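As written, the chain order gives the labels A, B, C and D, with residue 1 at the start of each chain.
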Amino acid sequence: MVEPGTLDVRAKQATRRWNLQGLMVVLFLALFPFLASLVTGEPPDAGRPKFWQGLLIQAYIFAVYALSYDILMGYTGILSFGHAMFFGTGVYATAMLLKHAEWGLGQIFLAVLLITFVQGVLFGLVSLRVKGVYFAMVTLAFAEAFYILSEATDFRRWTGAEDGLHGIPVPDFINPTDQRLRFYYLALGFALIVYLIARRVVNSPTGRVIVAIRENETRAATLGYNTFAYKLIAFVFSGVLAGLAGMVHALWNLNASPAVLSVNTTINALLMTIIGGAGTLVGPMLGAGVLQLLGYVLSRTFGPRWPLVFGVVFILIVLFLPYGIVGTWNRWRAHSSTKDKPSLSSK
Amino acid sequence: MRRYRAVLIALAIAVVGIGLVGRSMKPGTLVATLLSGLTLGALYFLIAAGLSLIFGLMDVLNFAHGTLFMLGAYVAWTWVQNPHGLLLWAGLVLAVAGGSATAAWWLNWSPDRRPGRWTRRWLVAVGVALIGVTAWQWLRWPQALTLLLAAGGGLAVGLGAFRPPVVRPPHRRLVWRGVAVVGLLLVTVLLDAQGPTLASAVAGWGSNAKFVSAIVVGTLAGAVAGALMEWSLIRPLYERPIYQVLLTLGIVFAGNEVARAIWGVGAKRMEKPGWFGQPCRSESLAAWVYEQCASVTVLGRSFPTYRLFVIVLGVLLFVALIVLLRRSRLGMIIRAGVQDREMVEALGINVRQVFTLVFALGAGLAALGGVAAAPFVGVYPEMGLEYMLQAFIVVVIGGMGSVPGAALGALLVGLARAFGDYIVLSGVSLPWMEKAVRMSPSIARASTVLIMAIVLMVRPAGLFGEEE
Amino acid sequence: MTQEIILETRDLAKHFGGLKAVGGVNLRVRAGSLHAIIGPNGAGKTTLFNLISGHLKPTRGQVFLRGQDVTGLPPHRLAHMGLGRSFQITNIFPNLTVLENVRLAVQARGPDNFKLWHDYRRFSRYISRAREVIEYVSLKGKEHLLASALSHGDKRKLELAILLASDPDILLLDEPTAGMASEDVPELMRIVEHIRQTTGKTILLVEHNMDVVMRVSERITVMHRGRVLAEGTPQEIAANEAVQEAYLGSWGTRTG
Amino acid sequence: MSALLDVQDVHTFIGQFHILEGVSLRVEEGQITALLGRNGAGKTTTLRTIMGMTPPARGAIFFDGRPIHGLPTYEVAQLGIGYVPDYRAIFRHLTVEENLHLAERRKGDLKRKADFIYHLFPDLARLRHLKGGQLSGGQQQMLAIARVLVPDNRLLLIDEPTEGLAPVLVEQLVEAIRQLREQTTVLLVEQNFAVARHLADTFVIVDDGRTVCQGTMEELANDPATVHRYLGVAVGGEA
């Protein structure tokens, strides 16, 4: 795997190339509403451009969510099946605080940060005691417990039970319907900032240790790294990011339903990561975009049965494209570059 | 000894727990709650035993195990309600299976024909597309043509998924495989021709006959689905365990959607067999034998007789499994294989075949659980996930790979659920509270996770698990 | 020569079920010495290493590091106390570059492991130290190869480099030449000797290759069936009859 | 006369490690052949390659004139090859008798061979109902060998049978293997050179994953330079 994080000179050039390409993509996305308006002849804040922005906003939110998942799966190498817990907590915390407590956005942001942090530490401490598929099982069980509680009639007053919360009052200046363009830039900025933060973290000394744990946990421990602590850091960090994605999700959809805590939400994260390519930051974000568009196209062609097609696509990807789009691309590139320089490969 | 210590700890917890809660209960209520717990425990055990066995032997955590449970329930329900439709679908599945079997057999027979890598992928794509179209058009096209198409799709998938061996297996074995393939295709044709007759015959049966045959059909369907799943999807991924887990999760997703597509979203209830169905109340079990009432009096309270049947079923299967593991050659192979697969193979035993068999066995057990559950918890798309989660908790508590562990875990979780339900429904009153707080059963359902967390803190490998 | 005892085991034992892999070993390693443990296959050498490095918990007995009881501490704690080990089966980070493999080992002993907000490339002292170590084990020029792409001999060197980079006081080397082509063995042993001479570190070595052991070590402990059979200088060991029997087979010397 | 087992220039990879880089050897029917070489030379991998546990990437293996490379392990075993791995691989949770039963290839194998096996290893008869995990190292080794005697194997691959055993047990085991020779052919990996010299008729030395020499045991015993060079038995020599 050629990562943009290695010290290789060629990799450094590649990083620069990535940065340039990335910049162009961001620029394109930033100009997208106006480009769309140019193409369709409709104003950027109405009609088709507005609708397309909506699709992209959802994609940005899921991009952050998928990225957070990949920090666990792709970088730390631990398979969690309970990621929806963090996302859903973010959604519900935001929805409940807006609807019942009428907090400001800044306070809510801090609250979500704090809640998911505590959640990450608590559940990480318990579930990281086991490894591999046990971890997957245990996290799934914890997440399902949250799902069940979100549907419990006992808390209907706060959570709306199986109906969820609807009509969440958001401040007018970022109302996703009236201020679509503004919300578009908010979501884009959010995804961009989270990406930059995540990139810094995975390239920090701690981030490198996390990758080392993925590669060979015993060896990392023998070097003197307390692997449990690092795994916990990764778990909490990933959880907090997922929670923030949930917060924006609530602001965008103006509702909170138990579905955000269900297994399907976790499977979505998995799907985006697998499609895009685990172990890279760009991959899952790309995967989120692909999935969002694919979902849109599939739901138009297949109607209500599109999740079924989706499941089949997922199975096929697991069987035949295990490294995802970015991973396969990287491998293919690394392969073609070693062809010119046979010294790189072992005898 | 260690093992018994685990059992003692678990029993002690159960006894103390029941004692604490039971103090405030009338004896009739206590027994009824205990029996409810046992009923749930029996269901959990049926799922957890297979899950645990499969994991122990082949290191596969089958997330789709709950889907097989659901499949059993749906198939049984359909068998009782609409045998005709079920036989139609069975024909389709058999056609696909027959096609893939033919392909695999043919590849074994002629080692020179090796489709290239890309050819294989294209074949898979074509095959899947064919099956998809067939399924799509299923009810519109003439049946024989559809079956033919499905078999062709299966053939393509088989060609794509199986790598021909470098050295041909012995002649004798190939002949046997050929016989099996032809047999499979024959059954398909037979089903195609005689399906409607059989279906109308089944529709005319009484409720007891329907129920017994539903148990057989549901279990078989689960076992066949499990074997097919292992053979086609999981087997290529034994080298990549993480992807195996991802794949089974994908099957959960797809399975739920398939169930919704075929059977719709609503809950269905399977009719109880006549033996447990008369709208009356027997005074004792002996009286029930004559009256066949739906409920029986236990210490002054009525308890559904069907649930007693589920408990008996669970206990019987536990005993049968233990006997199978301890006494039979298959059991010996499983016990040895859990420790060292490679060495079992070096003794000349085809472990892959045993894997498929055990997968089918586990899947069959889960499906049987589904059939048993259908008349009293209903049939709905989410049931697979719901029961599988409890089964996960059961195996985490009991320890992966141990059937007695699964039984003990199932017992604990079942009892916890039953008493939890009782507590939350009757209300919790602590000394400083003015009135008891009542809660919904969801709370009890979610709180079994707590038991798992506690066990994990104390014994990460579970009560019966071996520490590494 | 009265050097302090840096590592000591007292009656250290490990039983696996019925099998006594290590059955009461007393070992005293002097600071700054090169101490070899030899013995036929299955004598319990690797198990002894695993007990000392904390990868296994002993059935009974204790391990002392500089006089301090460290029995049962986890490997990462022992690493911080200056105990580093290599593995018989190459144990590296396969999908990271050679430099990154070594750099991670250097970083492990530094104070910056929990800095989440700085680019790791800015901590240039780790990188330059890593480059030093890589040069030391003569892997220079291969810094940017993925570890998995190295030849077996180079992997053994990388293993040594990782160990060295974490700057331990005691190096436990578990068959550093295992599986190496015989022409590469002398070079690796030269590196090992060089380490001891220039850094004064204590080296505890498990090795099969008797030639190597006889040449480089100061003291040798011979293990046989989980117990210490003999201990002494190479000369003493070479002259010891019990040792000869253990290697050639006690049974063989009588009949053959 | 064609050899019972003929391994021709076999190359084996484990993951990306090229472990065997050209191993060739012949085992004649009715003889004991010793496979020698230092630690990590590829002896165990050679046996595992023959068994199909780590299939060869290149080269050919013939058993009784029939190609067996690429066959799954169980089919190799069914042709009549028994494998005793160096870690013995006794099934801990099965009793001694169950361990033996499991090795049956046809019903009644054990009944037929029980007398012979229990005569060879009287200890096992006594421990028949004990779990495999409760046996001592030496007893486990005996069970591991007894296990491949249950079916009618034509070739036994035995990996380091005397490893870590007490001298008395070594003696007992060597005696047992000598008796086997009258019944079947053995390919033996042995570190204890004295044992190998005593038991084997012919030898093969592998080093760095290649066959370096092959011949009769007599020749090897008279060639201390080769022994020294490839087996590293230098005790007693100059330091």
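By definition in this document, a contact is a pair of C-beta atoms (placed from the backbone, for glycine too) under 8 Å apart; a residue touches a chain by one contact, two chains touch by 3 or more.
These numbers come from a predicted model, not from an experiment.
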Central chain (by mean CA position): B
Most widely separated chain from chain C, with each centre as the mean of CA atoms: B
Centre-of-Cα separation between chain D and chain A, whole angstrom: 54
Inter-chain centre distance, chain A versus chain C - centres from mean C-alpha coordinates, in Å: 43
Length of the line joining the C-alpha centres of chain A and chain B, rounded to whole Å: 33
Residues within chain C bordering two or more other chains: 148
Sites on chain A at which at least two other chains make contact: 346-347
Residues of chain A defined as touching chain B within the complex: 79, 81, 126-127, 129-130, 132-134, 136-138, 140-142, 144-146, 148-149, 151-154, 263-264, 267, 270, 274, 305, 307-308, 310-312, 314-316, 318-320, 322
Contacting residues of chain B [partner chain A, same complex]: 55, 61, 63, 121, 124, 128, 132, 233, 236-237, 240-243, 245-247, 249-255, 257-258, 261, 385, 389, 392-393, 395-396, 400, 439-440, 442-443, 445-447, 449, 452-453, 456-457, 460
Chain C-touching residues of chain A, taken from the complex the two chains share: 1, 6-10, 200-201, 203-209, 211-212, 215-216, 218-227, 233, 237, 344-347
Chain C - residues contacting chain D, complex: 17-19, 40-44, 148, 152, 175, 178-182, 208-211, 214-215, 225-226, 234-235, 238, 243-244, 247-253, 255-256
Parts of chain D lying in touch with chain B, wherever the complex brings them together: 51, 53, 67-75, 77-78, 83, 85, 89, 91-94, 98-99, 101-103, 105, 147, 151
